[in-house]
Amino acid sequence: METKVGVFFCNCGGAIKNIDFDAALREVARLPGVISVNLDSSLCLEEGKERMVSSIRDEKMERVVVAGCSPLLKEHIFQGILEKAGLNKHLLSMANIREQCSWVHDGDVTAKAVDLVRMAINRVLLLQPVETKETAVSKEVLVAGSGFAALNVALQLSHLGLRTTVMEEGPVLRAGSEEPAAVYGVDASSIIAEVEANENVEVLTSARVMTLEGKVGGFGVRIKKAGKETFRRYGAIVLATGHRTEIVNPGAEAGASVVSQKAFTDILRNSSLEREPRTVGFILDFSDENSRFPTLATLNSALAAKKKWGSEIYVFYKSVKVDSEGVERLYQQARDSGVVFVKSETAPKIGVEDGRVKVEGRDVFAGEDLVLACDVLVAEELYLPAEGTETFSSLLNVRTDPKGFWQDDNVHLYPVGSEKKGIFFVGGCRGDLDPGRMLADISGVAMNIGELLSAGKVAADFERVKADPQKCVACLTCIRVCPHGAIQLVRVESSKDVAQISDLACDACGVCAAVCPAKAIAFQGYRDEEILAQIEAIKRS
Amino acid sequence: MIIAERKPIEEIRLMMAPYKKILVAGCGTCVTVCWVGGEKEVGILASELRLARGAEGRELVTLEATVDRQCEKEMLAELRDKISDVEAVVSLACGAGVQTMAELFEDKPVFPAVNTTFIGMPEGEGLWVEMCGACGDCFLDRTGGICPVVRCAKGLLNGPCGGTRRGGKCEIDAEKDCAWVLIYRRLERQGRLDLMREYRAPKNYRAVKRPGRVQAAKA
Amino acid sequence: MATPFREILKRKDFVVTAEVGPVKGSSVSKAIEHIELLKGKVDGLNVTDNQSSVMRYPSLGVCLLIKEHGGEPIFQMTCRDRNRLALQADLLFAYSRGVSNVLCLTGDSIDVGDHKEAKQVFDLDSVQLIHLVHTLNSGKDMAGNELDGAVDFCVGTTGTPSADPLEPQLIKLEKKVRAGVNFIQTQAVYEMDELKRFTEFVRSLDENVRVLAGVVPVIGAKMAAYMNENVPGVFIPQRIIDELGQAPKGTGVAKGIEIAARMIRQIREEKVCDGVHIMFIGREEKVPEILEAAGLA
Amino acid sequence: MNGKIVAFCCENSAYPAADLAGKLGLHYSENLRIIRVPCAGRVDVIHILKALENGAAGVLVLGCEEGACRHITGNTRAKERVEYSSMLLREINLDGRVVAMFNLSPNAPHKFVKAVNDIGNITAEPGR
């Protein structure tokens, strides 16, 4: 008995003009498998939907083709209609007779429209139902790193009722002390206290990840702390391992009075110098062009030094990047309070003259050389990924950008996702720092994970992409090729190892189905037969 | 694992020239794993042949089939009906598969579509390298698990030769590591350099009397 | 009749050998020309065996010519083209015609030659070949059968002083010396410290083994770069390439000879090793000039 | 399939670009038949060859810009398969240019139209 297909044409309220729908309906009605053809003017609106649900039920349709606008716009609506009519939502195929037919060709395009419908029918006849299944997921989250970003993510997650483990390789939490949040204009003083008081957040210091397996919703992580290894399950992993800095050509002999931004904030906080520095110099943006942190750090430190010691402040700069939030205001404040900005093309020379740091630079605007002796010079720093980022990358099998930071800006994954579902990045470990955006990223990660895990279960297509254990020869190609690391080798009942695709981790790209040398992987909706059937339909047009 | 390489389409096209109806037979084991002879490649080769024949304005009917292992007569027997229905068979199996098929269906011409190259392992995605030459007299125990018979370009038992390039690369290829330098480094690491210092007498190249036969001692 | 090479090795404190490369053809006139030119000037004349895996008139053939012309041939044998039967047969034939010095080599690989599709043999390697010669010297063949008429070869082999990494080469060299060699003619060498280190290593194993330094004149910077890339076992240092670079156009050959002569004189004066083996394949006629420039004529 | 061009369009880039071409009222040849795929990396050599076998005059595979593929390597794999198919056509002395790969972003409808026109011109050359 042939599969019963219902075809619904929608003229989109008259927006599809150059198609003779009567003729099209007549011709489509004759096609094999078609038991009902319908014309509507507003299928996606309420009444249209009602009519469609009842026709599907009354005529006992087993497959549905909708000829109208682009599936990218309305496919989910028609899938909902199928479900309402008691039909598996995957048994739908759409013919884009609006954007890809009526609107791009002049004159009558009825023939092409019928062609596109015939392609959709050929495909729909082969479609298989795909169930949705709920999978339990762990509501625990692992946060690697303990800087400002890491601890904030942990706090926000705990507010969503998710337990978090903050894992820090060092002996102590880094936010506040190591990473001077004040420099970046954020207050981190209370964050550690909040974290330690929050019973939803477990802190593991001098702890390291040894091995990692499994997929989103159930990462298996072996953590080593104080010589003991424990195995834990996590639904998601957040990497917030921050960054480290290296002073650029400090002028070795200048010695102690050339400091990093962090060191300068220590001096500011507990003025470890015997006497207060009368003149302070800053070097800004000569070698590391793209990071925004140096500008913000320089402005905050300059203002703080002016306020505390009233010292003379000179900033040798190539560029002052004020495009992130609130930085323009800081820059104006600095100038108003008397900070001198010296614009020069090349980095100034740093030397020593009677115990003070000598800075020689060329002031481009004044058109003359400037020699400055200052008590403290805050040198320029290169922003680099934290130590251990590579080992983490190989453990998680995620990629880094050429400079070693995580998640180069692939527009589809931007801003906090990685190519592996359930693994997120936030903060300094992503390179190009912008404090304003970092705060947005922190809530972005928390919201993503909350959405993913807070229900404790995730609904996903069940075995929409599946490797047939009979045909799989365990050649490992799909496992190595899958861009999302969603496939692993598992032993099935016949004591044979075969590829198993995780429904949660799979991002439905079909690369595995294309590379499988044994044609063992079926990707419902885009199986070879379903693609070749559309080519077959084109042949007869 | 046996590694093979697909023959150029030109060669296969000439083999199939006299025939109008052929079977393209794949093998589901080694040649599937090294991407040349599995069900996917059967489809592609069949399509390539039909396209080529179409370009000449002549017709070609192709049947396609892939069995688990072409070097097993019981598995090849599954193809009996299809083979009786065609004039010739082009097999994407390794040499063993092609010959088992040729032996089982003696009245049908059987043609190889791949060149069987070596026993090897994957070095990268889609890249395989030779590891074993099936010499029948394995002495990996004395070379730290690196076989000079195939991985040294001259198969030397007392290497390296004088032609080793700077950095320990092979005489014939600046990219390839000299097997004997690899052996030296591994044995040195394991503190077993005495193995390399031992003189290796000339090899028994007839350890396997070609063509080889192996009789299992017991079931 | 020339003095047997074995004697020269014992008595002479600075031994000089040279090398002739047979032609690709049956004509022997060029070979005879080189033999006549060099036989009186050197203590032994090596004849290459299908050098760089390029098919040529056989090494044994030219050795017989050297014998006929009163020179002292050193028969070079590689393991690339003959299996153990052919190697033994050729040795018996050579000895029976008075060719009693053999240089045991592994041989270049087929890929660097001009018959790139040939099947390479390598039934034996250079160390095994040295053992084979001693087996024959003891009156037996490799299968243990008695020989009707024994042989008594003076055995030599090669070494690569400037190999990097050096240690694997020294392990192989030790095997060769343990197998028993009378002399070693090294690959081309340009750094005295490398040659010194190599010679001391050989002495530490067996002081009776005489070491002759391989001298390959380089006739131009471009030639040097080519050799570094394509000739196995040759590593010409940058300083020599620079020196060649400064030589005015057209004086490349003269410059090459000058550098070679300088090295030979240094080896001799500083007694770095026991002599030199001059390899100037394709320009054999220039070897006398080198000897003169080095004060050895 | 006289003169039809089959275009495999990645739903992250080419398919939305084609839709945008419609919204902006751009025009291209009626011979185009678009097949939607989740990623250009889903398109295999067999799909390209079968389209040609079934009489397609040309085959286009359109994926995301280099480095912007949602599935990281999908577009580069597609490019390699298109190059293989094109090389194969040349080996059996057919015109290798009738199979082409294009990279574009979802907001580049003009690039989509240009790709369709380019292959349209190639397939329409006399003496095909």
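We just call them A, B, C and D in the order they show up, numbering each chain from 1.
Here is the rule we go by: a residue touches a chain if its C-beta (ideal position, glycine included) is under 8 Å from a C-beta of that chain, and two chains touch if they have at least 3 such contacts.
Fair warning: this is a prediction, and the values are worked out from it, not measured in the lab.
S.K.: What are the mutual neighbours of subunit A and subunit D in this structure?
M.R.: Chains that touch both subunit A and subunit D, as defined above, are B.
S.K.: Per the centroid of Cα atoms for each chain, what is the distance between subunit C and subunit D, given in Å?
M.R.: 63
S.K.: At what distance in angstrom does the C-alpha mean of subunit D lie from that of subunit B?
M.R.: 35
S.K.: For subunit A versus subunit C, what separation do you get between their C-alpha means, in angstrom?
M.R.: Once rounded, the distance between the two centres reads 66 Å.
S.K.: If you average the CA atoms of subunit A and of subunit B, how far apart do the two points sit, in angstrom?
M.R.: Once rounded, the distance between the two centres reads 43 Å.
S.K.: Among the residues of subunit A, which are close enough to touch at least two other chains?
M.R.: Subunit A, residues with two or more chain partners: 481.
S.K.: Out of subunit B, which residues touch more than one other chain, so two or more?
M.R.: Within subunit B, residues 40, 43 contact more than one other chain.
S.K.: Using the touch rule from the top of the page, what residues of subunit C touch 2 or more other chains?
M.R.: none
S.K.: Dump the list of chain pairs that touch, please.
M.R.: Contact pairs between chains: A-B, A-D, B-C, B-D.
S.K.: Given the complex with subunit B, which residues does subunit A contribute to the contact?
M.R.: 471, 473, 475, 477, 480-481, 516-519
S.K.: Provide the residue numbers of subunit C that touch subunit B in the complex, in ascending order.
M.R.: 80, 84, 105-109, 111-112, 120, 122-128, 131, 142, 158-160, 163-165, 167-169, 171-172, 174-175, 178-179, 187, 232-233, 235
S.K.: Looking at the complex, which residues from subunit D come into contact with subunit B?
M.R.: The touching residues are 44-46, 49-50, 52-53, 88-89, 91-94.
S.K.: How about subunit B: which of its residues touch subunit A in the complex?
M.R.: So the residues of subunit B in touch with subunit A come to 28-29, 32-33, 35, 38-41, 43, 66, 125.
S.K.: Note which residues of subunit B are touching subunit D in the complex, please.
M.R.: 8-10, 13, 40, 43-44, 47-48, 50-52, 54-55
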